[in-house]
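Look for chain A in each of the two complexes below; its partner is chain B in the first and chain C in the second.
What follows is the complex of A and B.
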């Protein structure tokens, strides 16, 4: 550490696997957006420029597929990890420390709106706020629907051997509009709510380093801090890793 | 004799002659082939327009494909459509039914037979498969079979010949009894592998193919050859499984100690270990790690400090194998990204001057390094501690390379590579000349030579995590860990 005199206490937030998967999804998603929209807007100069960069429209398609395989691979690895976490390590997939939506998320949303309009105190978020949960579920659900419609377009002969042909056109339409939605959520909403908030501007580092300074934890996630304190008192051990 | 009677007599004779000619024209096939479209239209049929034939339809559209097929099939669907070859009738009829069941049913005739729409109406280039399809990769057929024309496998005709002028195995135009064969069949046969392979790969074949059907080069072959991400032979699979088991056992052994100073479950140790790796990668320490990988692992700086001679022997083997690994991965990438490009064509062709020289040169370097190390072991100074295990490792690699060269010579001889091309295989070609002095059944022997090389390679791979060559994994790792401890 650079400044040994002021070692800040850190709380582990993301495991190495989670950080790695974030890198894969981040790079894969940027690649998907870039190549996908260049394919969709192949009549525009910028679409043609990107196609030229990778050596033509068919290569653009293959880069798109490669990014898709990598991104969806991250989803598969994550689901396998969840199974391992639940079955082998005996962890809980629901509760305050999980991504599972709870009633508190909805009251947090209401409190947050009030807070934004200066009509109430700030909501006391837990380990994952409703915004972060929305980000997570958007990827988990979105990647599956994009994956299915994408596969229909990748292997139209096989799918049309048991599905009506118009579903391929439908898949193309859904794939495009959901891409617009996904890009809007990830490149605008996610980047703003996670990285461009005044507290962490210009970058939320904990998804890359895996650790969060304890001062920020107390400030931003008081509910998690209280739970950690309670656990530490209950077990008599250290609540902080 | 009046003028009118003379005219009528000559006119009558003329008419008879004309009718006879027309009758002969229609009745005797082969006077002119595909004459039907030249006929005047039958009663009730509209007159032909020039542009019915003299236009190039848009072959990208269904309409263009169908109109082009209809035009060609006007003649080629008829039994009378034949051609004279050496006084024999060769049918040129295309069976519409067989074609419509095939994968090419929505492809225009002109798409493949690109040079037929001209006068005289015949092709010199044949069907151009490679204008749409790239060559096969290693996973489909062993070696890309660059000296075999597409139709040799993808056609019902079973008579094959080696055309020395082009260096290609092609469909023969004549059967065993020297009778001409029509090649107008358009069904792509079901590619049940063995049946098709054995068209050429049987003892006593005339096209220079090995008598044995050999498996594709699998993933273990990547170390030195352009290979495929497949298993290849079951033996390769076995070697791969043994190697993976060895690696897992090695990793288990490592994780028995404390990881990053911590004890706990295996899960906890993996988590701690990966945390350390993560912190190293995303910090300035990564520069040091890269330096170690480049100088100590790749260039073997530590060994160079100990002994220049030993470094030289080791590098001859190690760097050559690393170069070959890099080249085979590069070839795989190029082949998969630009399968029809000239770079891929050069890299996957074992006889291409660059590829042939690269392979022979690096192979020779490995062999030289092994021989020098063996000599050092036998006559060298006493401080070289020679263990039986070390000698075994050297013997396996050395024999593998020797078997490789022996098989290469046999391949060049067997496949009759043109000397001007083969000479770039500067080890394999002289060997092939040497083998040519022994009148052996090289087509039969080649399979065994290939397996000798391949099984030694499989042994090498299976042996990696167990014996002497375990240092390939442990040395770089301990170098990296020690760097952090210093």
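What follows is the complex of A and C.
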């Protein structure tokens, strides 16, 4: 147990920008899901209640669009940051410290399945596990497909000036089913993976504070811990901030 | 091995429970509404209706002289044993409505419902088939209310039109128009007659015809805009006549089905994976096993 003298050692996990964008995407996503499904199920009492709260069908649409612009804005800022990180700061977008998928992710998936069925040890995750990477890529790709289909429905006249009109129907279908997918995965699977698992419950603080206690790191991400140790030995420094 | 298979079945079942019913969308429960045809009049309701100021005789004159408008209509034989069993709406002389509602009558005569009426006069439909509507099929003359606002009229349209065109009413309520207008009461969105016309009841299966209706609200709509399918249903489509729309509807329904399967598989496998993972972690916590290194 820690006491006041012995401050828990922390490892930085998320930057201020990353934490801010997480807040924006989180709140934007909740707003999008709430207003979007209230429209999709506007024959249900709860859909009509939300529509009434924001002031009717057209306000429902404008709140949805405002949330969409904010959420997609976070994606744009993130991509701009990645470009800056790569081009100006000379950072690496691949490797163990990145979200880029590696061969280890697939072997981790296989090992994890074995572990779940009690046929092997728990996989030794790095800084970002394959589940966290899947969460990240699902948002990055999903925001773009939702954005495109959403824009088609926002400006149907303009899009049908060069595309067949039935693509508006397809945009509606894709937008709806992808929304179901996104809500079913993000609001349940992501929240469970990040916060509610027996190993984490009740709340994962590092996405809000930016820092992870070192004992949790050793336990949750042993591969990252080993890499940090190796780096510390190699440079002769502390390795841990 | 047997236990493992059981777990897999359980996960699949759980995924099904979580996702089934999602694509069903707005239900069609509120669409029933056509009043049954009856010979009896509820005078309490009649006196609240738009026709309350009329006397019975103004719409039900005793005798029409030969040559007078509508004189070919005869009063049903009251001595016949089937007298009160005949469908009352088919027995009335609707030419009398035109005495007051001249414009509506003219539009009706030039519209698709009167066209269907003429077709059925030549080629009587089979028993049980839908009959082409007369005035009273949509507007119950005894109880029709006057002075209603756009929203009340529009919601009534969904109910009344939907009593013969249920698939169209259901797809309307799944479209943005139906959700905004009928479900959420936004009167700037379209109800049935805003596109199809009130008494003309035109079919808009042909995009070149439909674009005129679109442009009443979407002023800058390009020609392609009308290729959008407002009622993606196979009901009432003729394979030869409506080949173009049939193709589009099939595409839309197929994409919807594929998306449903994708959602089911992805969400099902994620939920199954996480459920089993939770059981494994709980097992470790409760049994106080350390992580196997």
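Keep this in mind: the second predicted complex is superposed on the first by the 237 of 241 C-alpha atoms of A that agree within 3 Å, B and C clash if a C-alpha of one lies under 4 Å from a C-alpha of the other, contacts with A are read in each partner's own complex, and residues count from 1 in each chain.
FYI, a contact is a pair of C-beta atoms (placed from the backbone, for glycine too) under 8 Å apart; a residue touches a chain by one contact, two chains touch by 3 or more.
Since the structure is predicted, the reported quantities are computational estimates derived from the model, not experimental observations.
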Are chain B and chain C a fit on chain A, or do they clash, once the structures share the same frame? clash
I'd like to know which partner A:77 touches here: chain B for first, chain C for second, both or neither. neither
Touch check for A:96: first (chain B), second (chain C), both, or neither? neither
By the touch definition at the top of the document, which applies to A:27: first (chain B), second (chain C), both, or neither? neither
What's your read, chain B or chain C touching more residues of chain A? C
Just chain B (first), just chain C (second), both, or neither: which does A:16 touch? first
Does the superposition put A:210 against chain B (first), chain C (second), both, or neither? first
Go through the superposed model and pick first if A:164 touches only chain B, second if only chain C, both, or neither. second
In the overlay, answer first, second, both or neither for which of chain B and chain C A:197 touches. second
Between 55-63, 109-117 or 415-423, which run of chain B pushes into chain C after the superposition? 55-63
Touching residues of chain B toward chain A in the complex: what are they? 267, 271, 274-275, 277-278, 282, 337-338
Where on chain A does chain B make contact in their complex? 15-17, 19, 55, 59, 62, 88-89, 208-210
List of chain A residues in touch with chain C within their complex: 39-44, 47-48, 51, 56-58, 60, 112-113, 115-118, 121-122, 153, 156-157, 160-166, 168-170, 172-174, 177-178, 180-181, 184-185, 188-189, 192-193, 197-199, 219, 222
Chain C residues touching chain A - in the complex, by the definition given at the top: 4, 18-19, 22-23, 25-27, 30, 173, 176, 179-181, 183-186, 188-189, 207, 218, 220-222, 224-229, 232, 248, 251-252, 255-256, 259-260, 262-263, 266-267, 270-271, 273-274, 276-278, 280-282, 284-285, 291-293
